[in-house]
Structures are given as C-alpha cells and as structure tokens.
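Right, one structure below, let's go through it.
Order as written gives the chain letters A, B, C and D; numbering starts at 1 within each chain.
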Amino acid sequence: MARVAFIGLGNMGAPMARNLLKAGHSLKIFDLNPAVVDKLVSAGADSSETALSAAQQADIVITMLPAGKHVESVYLGEEGLLQRLSSRPLLIDSSTIDSETAKKVAAEAERKGFSMLDAPVSGGVAAAAAGTLSFMCGGSDSAFSQGKEVLGAMGKNLFHAGDHGAGQTAKACNNMLLAILMSGTSEALQLGVDNGLDPKVLSEIMLASSGRNWTLEVYNPYPGVMEKAPASNDYQPGFMVDLMAKDLGLAEEMAVKSGSAIPMGSNARNLYVAHQKKGNGSKDFSSIIQELK
Amino acid sequence: MARVAFIGLGNMGAPMARNLLKAGHSLKIFDLNPAVVDKLVSAGADSSETALSAAQQADIVITMLPAGKHVESVYLGEEGLLQRLSSRPLLIDSSTIDSETAKKVAAEAERKGFSMLDAPVSGGVAAAAAGTLSFMCGGSDSAFSQGKEVLGAMGKNLFHAGDHGAGQTAKACNNMLLAILMSGTSEALQLGVDNGLDPKVLSEIMLASSGRNWTLEVYNPYPGVMEKAPASNDYQPGFMVDLMAKDLGLAEEMAVKSGSAIPMGSNARNLYVAHQKKGNGSKDFSSIIQELK
Amino acid sequence: MARVAFIGLGNMGAPMARNLLKAGHSLKIFDLNPAVVDKLVSAGADSSETALSAAQQADIVITMLPAGKHVESVYLGEEGLLQRLSSRPLLIDSSTIDSETAKKVAAEAERKGFSMLDAPVSGGVAAAAAGTLSFMCGGSDSAFSQGKEVLGAMGKNLFHAGDHGAGQTAKACNNMLLAILMSGTSEALQLGVDNGLDPKVLSEIMLASSGRNWTLEVYNPYPGVMEKAPASNDYQPGFMVDLMAKDLGLAEEMAVKSGSAIPMGSNARNLYVAHQKKGNGSKDFSSIIQELK
Amino acid sequence: MARVAFIGLGNMGAPMARNLLKAGHSLKIFDLNPAVVDKLVSAGADSSETALSAAQQADIVITMLPAGKHVESVYLGEEGLLQRLSSRPLLIDSSTIDSETAKKVAAEAERKGFSMLDAPVSGGVAAAAAGTLSFMCGGSDSAFSQGKEVLGAMGKNLFHAGDHGAGQTAKACNNMLLAILMSGTSEALQLGVDNGLDPKVLSEIMLASSGRNWTLEVYNPYPGVMEKAPASNDYQPGFMVDLMAKDLGLAEEMAVKSGSAIPMGSNARNLYVAHQKKGNGSKDFSSIIQELK
C-alpha cells in the first residue's frame, strides 16, 4: 500500500480519493473547502494545512484541479511542490488542462528529479464514484508502471498514450469526438422526429446500424428514450455544458497550434458555446439537442 | 416458399437475389445488363424480358434501383407495375431514395389495391453477400409481417420504422450520422497524430472511452490501424464517396423541407462534396480523412 | 404606356403596383385579400374577379406570389393563365421561387407561344415603395427588352442574368451571400465587443478596411450603431428571418442538385433555421446576432 | 520631422520604411537580412548593428515582426528595448500578433515609463508601397496623437480602436470577416456557375445588390472576372494563404479565451487550414475557391 497525497477534492477528486482509502492506501489530503475535507477525514484521511505538507512524505502525489493556472501554481509557484519538496514522490496530475502546460510542468519536474504523469480521466462523476474511470496517461514507461496500482484503485482502464502531454492530447481528442457524437446524434434524432419517426424506434435502428455510438448506447439525448439518461431527468448533469465547452476550447487551441483542420470539432465548439451563453452552462451536455428544436 | 420477382441486379441487388435462391424461394429476375442476369440464371433464377413480366405472377416484388426517378418509372410509368399488373403482389422497394417519392409511389400503390413497403438497406456489399443486411421498413404492420420471411432471407435486422416513407427517413438519418461519425473520427485521429500520438493507441483509447462509435469498431479511417479496413487498402470501397454524397443530399433535402437544423450533417455533406469534386468519388468514404492531411 | 395585370398584392406586390400607377401605366389587379385590393383601386387600379380576367387584355402580366406552388397554380393550373389566356402578353414572374419550377413554367409558356421572364427582386419593402428595387431577370434578350420599361417603373437596377431560371439562380446566390455577410459581420462585431471593443468604432474600422460589406454600410446588426437599422428598433423587419430561411433553403436545394459545396451557406442556413425555430421567424434577419450573445 | 527607428524590414516593413524616408523623417534601421538593409541604406537610411542601437536615440521606434515570440524577444528579452533603452521613445508595434501578448508587452512598457501603441496594418504589400495602409491602434489618446504624423506617412486611415491590445483585436476581427467574405463570395460564385450563370454577370449583380462586399469590389476570386486580381494571375499573392491561416488562428484563440461563438470564422479557418495543408500556403488567399471546384 502506498502513502498518497491528494490535492483538489472537488466533484471528481473527492470520490477518487475515497476509492484510494477503500483500497487500503493511506491518504493525506488538501483542499481549500473545509466541508469536503471533513467528509474525507471521517472516512479515514488525514488533512493537511497546505498542499506542500500533504505531499511531504508521500510516495505518490495526485492533483485534481480545475485549470492549467491552478496546476502551474501548485507545481511551479514559489511555494510550489517542485520548488519546495525535499522528497521525490511520483507526481500524477489528473486535471484536464492543455497539453502545453502539462509538458512544461513535466519538463520542470524532470529537471528537478521527479517522475511525472499527466493522467486526465474520462467517465464523469458516476465513474469516479464507482472506481471505473479511464485514465489517459502521458509520461515514461517506468512512471506509468509505478502509477498503475494507485490509478487502478480509481479506474478500470489505464492507457499509456505516450510521452508527457500525451494524456491531455488523447483526452482532448476523445472529448472533441464525444461532442461531435452528441451533436450529430441529436440532430439525426431530431431530423427523424421532424419527419415523423418515433425517437425510440429511430434510436434502436441506428444503434443496430452504422450510426452506432456511445451516446446511443448509454446517453441518449432525446427525452424519454432512456430512463436513466440526463435527457429524461431535465438534463441534470452528468457532464456539464460548461465542462464540454472548456474541453472543446482545449481541442481548438491545440488544433490552432498544430495547424490542424477540425471542421466538425469547431462546429461543435460553436454550438456548445452558443448554448452555454444562453444560460445552459450547468445543464448536462446532452441538452445540446435543445438548440435544434 | 414464395414466388419472388427481383428487379435491379446491381452490386447490391445481385447478391441479395442470390440469397433468396439459397433460401429456396423461386425467383424471376429483370435487369438491363445481360451479364448479371446470366449469372443469376446459372444459379437457378428465371429471366424475364421486362419488369412487368417478371412481376406478373409473383407473390412479392422487390426493386433495387439507383434513384427516385427509376423507382417512379418502374412503378408509375405508363408501362409501370401499378398501371399494368393484373395481380396484387406485395411490393417492396429496397432502393435508397427520398422519402417523398417513396410516399408518393406507396400512396398510388394503395389506391390501386397493392400493399407496399419502402425497405432500404444498410450494410453494404459485404452484408448483402453474407445475408446480414439491415432493412429499415416503412408501411403497414400487415405489409411488414407479410414481408418478413423474404427480407429475413437477405438480412438479419428487420426494423419497422413507421408508415410509408419511414424506412427512407430512418436510412437518411442513419447515414447522415454515419458521415458525421466518419468525419469526426477522422479529424480526432488526425488531430492526435498532428500532436504526436500513435493512431493505433489513440484508436484504442477512444474505442474504450466515450468517443466509441461504429467507425472505430469496424471501419477505422487511418491507414494501418485496421488491416481489413478500406483505409489499409488504398481506400478501395466498401461504400463509395459518391454514394455517401448522394445520401447526404437526401438528408439535406429532407432537412430543408422539414425546416430542420442539421449543422453537423450539412458540414459533412460539404466535406464529402468537396472531396468528391476533387476526383475521389469512387474511393471508399473513409478517405475523407485525406482532406485533413 | 402599357396595360399591366398585377397578380399578388402582398407586402412587396402592393407598393410595386402603386409605382406602376404613378408611372402612368393602366393597371388591372387581382388578390384574394379585399383590403389591399380596395386601397389600390382608390389609387386608380381596376380590380378583377380572377387572375385570368385581370390578365385577359393585358400587354404585360406580373405575378408576385409567396412560393413555387402558387406560381405553378396560377400559370399551370387547369384554370391557369397558360391554359386559358386567349391573348399572348409578356409574362413576368417576380416571385422568389426555385429555379427548377421557374424553368418548368417558362418552358410550358414558350410551348404555348408566350414570352416569359423570371424576375425576382432584391431590396425589400423599402425599395419596393421607393421604386428602387433590383430585378434579376432570366429569359430571352427580346423578353428582357420588352419588359424593361415596366420593370424600370418599379426598380432602378435591371439585370439580365441569363436564360430562363437564371434570375432565380442569381437571387439565390445573392441572398445566400447576404446571409453569410450578416452572420459573419455579426460574429466579428460580437467577438470584438467580447474583447473590449466599442461596436461603433469596430464597425467604422471594418467599413474602411477589407471587411467592408453591405451590412456594415446600411444594415448594421449591432443595436445602437446605426439609428435607422432594424437592430436599433428591436429587430422589426425589414427582411424577416422566415424569408431568409426560405431563401437559404432554395440555395441549399440548388447546391444539392448541382453537387456544389457551400460550406458557409449551409452554416448560415443552419444558424437561421435554429434561430427561426426558437420563435424569431418574424424578426428582422439581422437578429441572428442574438444567437451569439 | 522625427528620428525614427525601424526594426523588421520584410515584405511589409521595407516599403513602410521607405515611405518614412520620402516624408523626410530620419531613419535608423535594423534587420538580420543584409540585402534589405543595403537597399534602404541606398535610399537614405542609417543601418545599426542591433535593434537596441537603432532605437537608442530615436523619438519613435517602430517594429514590424513575424509573430508574438519575436515581439516578446525584441521588447522583453534580456537585451530587449524595455530592459536596456536609456531614452523613452514612443514605441509602435505594427506586427500582427495576439492581443494578449500585445497587452503584456504594453503593460511592461508602461511600468518602465514608455508610451506604446499596438498598430497592426491592413492593406497588404501594395498598400504598404503606396503609403495607403490602414493602421488599427491600441493605446492611450496621447500616444495615438503622438504617433499620428509618422503613421500618416505610411498610411491613410488611422484608427484608434481603444486601449492596449485593441488594435490587434480589431485586426483579428476584420481579417476573420475578410476570410468569411472571401469564402462566402467564392462559394456563391461557384454555385452560380455550377447552375449555368456567367461569373462576370453574377459578380455585377451581387456587387449592385445586398451581396456587395470588398472582395467583389476589388479582389474577385473567380479567374478572368477582374483582370488585375490574383485570381486572374494564377493566384500569385497578394495576401498569402499562410498569412490568412495565421490570422484566423489568432481570431480563433481570441474566441476560445473570451468564450465567443464564431461559427462562420471557425468554418473559414478550417477551410483555409485544409487548403494550406494541401500545399497552397504561398498562393493568394482568394485561391480558396479552388477547394470548391
């Protein structure tokens, strides 16, 4: 069992940390929100005053933060881990950020003698609670091997996407594709309904045909087709429009930098941003179908 | 066993007819191309001089024609089946055409006392040969029941999409979604590759994540990822760009008529038409990724 | 001076007819709405019971109707002009319809010995009232020459676009481009405002630079920039979203038939249709900027 | 007359510097390329060994550099102007870069006691030579007033877009709109031609109608319509596809940061990037019409 420091206990981080406790790892935690800290302390974690003190005697440090600037601050800041840690734990950043920042932090970590993985997740809050997340990892083979046991306590699919930043790149590609699947499935269903088809029947047909995709399998955007999907529960998330808009922004910036054409992905970003601006940011991302009604 | 008339023995029609023979049905055939007729006669079919004579004593008539105008001609022409047939076989049109023409022909058929199904297929030449097509049927419950045995000899998934035209509508929706999946998957893979990922690794990751879709499962557009996919065989079809462009045109016209917004589908149509115009019409439709390289 | 029959006295037709009276032409009119007929009778027109009787002794017949089906009915119907007229006046259809229908009607007219022009207009209600419309005409040189005097009483720009249908084709191209200009200008202005620019200043800069276009010149979509523009008057039309959506549908159908790629035009159609579906159909078309806020 | 330092003498910088000499200003220049330096020395400029020495005794420093990283290096580097200059000339950066970098450099300049303008240009090489550029300036009123005389020697339209970065923002908005105009005009012309219209006639019609825009006025993309346009000269630039793709990337990154929806602009970026990737980067940007043929 490992000594793990967990920094950032939001909607995703808290259930991930809880699964580490369940697996028998010892856990030191840090978050600015005392409420989430208290709950995890009740479950067996030790709380720390700072990210640094949480990390000080850990074998593995895991960070789960909202955006690149927070990651930069925790690792590269004047009081940051790379500057101040005397030990050399494995560093795993599971935040979803741009791959450039991921590469920059990892390069500085290596310069200071740390091993580091970028390891963003896929699967959402439900998978975080169930311990069935997918981890898309970027870093060396040895760092990936070293991280496997702990990551395996939080997820069931562990992918080694490539070198530093590759985890973030893979996640951006996947989530861009997800937005395309969701938008495309939404408009195919709506086009059918506008022309007299029953959305359940059309969903079944496409699920058994070449239109099959993840959203038709488990996340149908048409209300009433799938009882447990957000679409049948007023589009309560699930995975929020705000988060999808952020991820599509990361993919778009990546495409601009690499000079890649992403016609469908850009289209999806513009649909999601327009949807978000009309006050739908905290709805589930399958609510994009409402833009077509 | 039924007496079946089969009219239109192209790349799809010929193997479909062959499966009817295998299943023990008696078959009268008509096509303007003597070569394809001869082959089926060797396999046990009877050839006829005209569509009308092929249909005259059939229990079921199946048509498999290139476009709406051919369907109109065979059924509605002055020498057409509706005008001239003295018997009242079940009429099944498996051509992929616009749902308006399908409705118009079916309405006229009903007026003359025929039962009719529009029953376009999904699955391509390979599925036609293997007898594993999907049929998307529009028409009455009783017509659908009546057609099942014969359709089941040619396909494994028989869907009753709704009333007349609903089969065509469902197919247009599905194929539009397929074009979106293929374009989106292509650009997600290319974006990853442009940013240093291995297309095989990224394909695996997305296949196990929320980007999962039919193209990643069986039809990966990146050369070398899937040995048997057209992408690994110089984009030999498979399903041609010309046909996908046609199907996207049908979906687009349907959307204009119903006043539906199909932002991703329109985008896909424009990508495919531009690709087609550069001389790629007879390549497999997964070659759309070449527009992004 | 000519004897003119004018059929269809809606928002556009009525002021056009009024300008014919002002120019000294004698005018017989027909419309199903007695209110608009009465007003024109007060202004000096003669009313007729039917389209046919209005046209019977005319030198020139002008039709201004909502859609292709009305044009077909007036000209091709059993009681239609081509069937029943004993004289052979010049026929001018100023409705905005698809070029296929325009060609079909004109071909039938020629077969019956009529000269015909398709002559859709550009400029909207204000230009109709001011007599400053543009006419885009399709037909023979001689028909165009013959129509010039009467068209010149209603408009200031008379274009001979080509043979039958060419007027409709030119209008569809122009209005598709207009929708692109309006959408593009809207998003450029909103992008500037979102990044701290004053919309007036940015409008001035782009008007003097390579972004210059008709919408910046006379129809700025940002509220407050141009006092008399619909944008500064709650988006009261002007040119309605419903009409722009219709015109974009005509362009899209034309593109599908000719196998043309229109990526920007399709994008504009989908924006306008989505905008329309949210209840904005009777707003001015510059309200598309509201989709971006 | 002012003492001006000019740093960066590429295709745009060299003719701009030449116009300063013509207007009677004294000029110190710096560029890494000795050929362009020599030509300007022949015309009356003084050459310097470094950017710093060129700027040392100037009243006004003008920089015209390829990208944000060069601007950062010249101003913020360890040997950069802000660090090393003992005098406090007005700083004018006419490079086209992202507004964030422009703001960052200007903020540091102000902290060190400099006045600074970001002043990107519009108009291309021809306007640079003719002294008819447009300058879009960001900075204080007083800096704008102070720069006017010198800018007026190089351009005829001087705009004060707002505070620091506003010049770059305005240029990004304008050039995004330009790309939309060019793409949209291209597809409207091609759609007309595909449906039988003469591109000259259609150009005239749209120029006199609501489709009017800068590209139809002076830069028609259809070969043969406008004798002096790049389209009639094998798409020799003019303004290169590479540069338009760069500018669209700047607009896109700006939109991602401000959370703005730019559906038409993103579409244009993807068209230009795909066009560029096929080896058309050094063609004129009006060659985008070739993607539609």
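One rule holds for everything that comes next: contacts are C-beta pairs under 8 Å (C-beta built on N, C-alpha and C of every residue); 3 or more make two chains touch, one makes a residue touch a chain.
Everything numeric here is computed off the predicted structure, so don't read it as measured data.
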Intersection of the contact lists for chain A and chain D: B, C
Chain pair showing more contacts of the two, B-C and B-D: B-C
Farthest-lying chain, centroid of Cα atoms versus that of chain B: D
Centroid distance [mean C-alpha coordinates] between chain C and chain B, Å: 39
CA centroid of chain B to CA centroid of chain D, Å: 51
Residues within chain A bordering two or more other chains: 259-263, 267, 271, 274, 277, 291-292
Chain A-facing residues of chain D, complex: 245, 249, 252-253, 256, 259-263, 266-267, 269-271, 273-274, 276-277
Partner chain D, residues of chain C touching it in the complex: 99, 122-123, 134, 136, 157, 159-163, 165-166, 169-170, 172-178, 180-181, 183-185, 187-192, 194-198, 201-202, 204-206, 208-214, 217, 219, 251, 254-255, 258-265, 267-268, 271, 291-292
Residue numbers on chain A that touch chain C, as the complex places them: 263, 267, 274, 277, 291-293
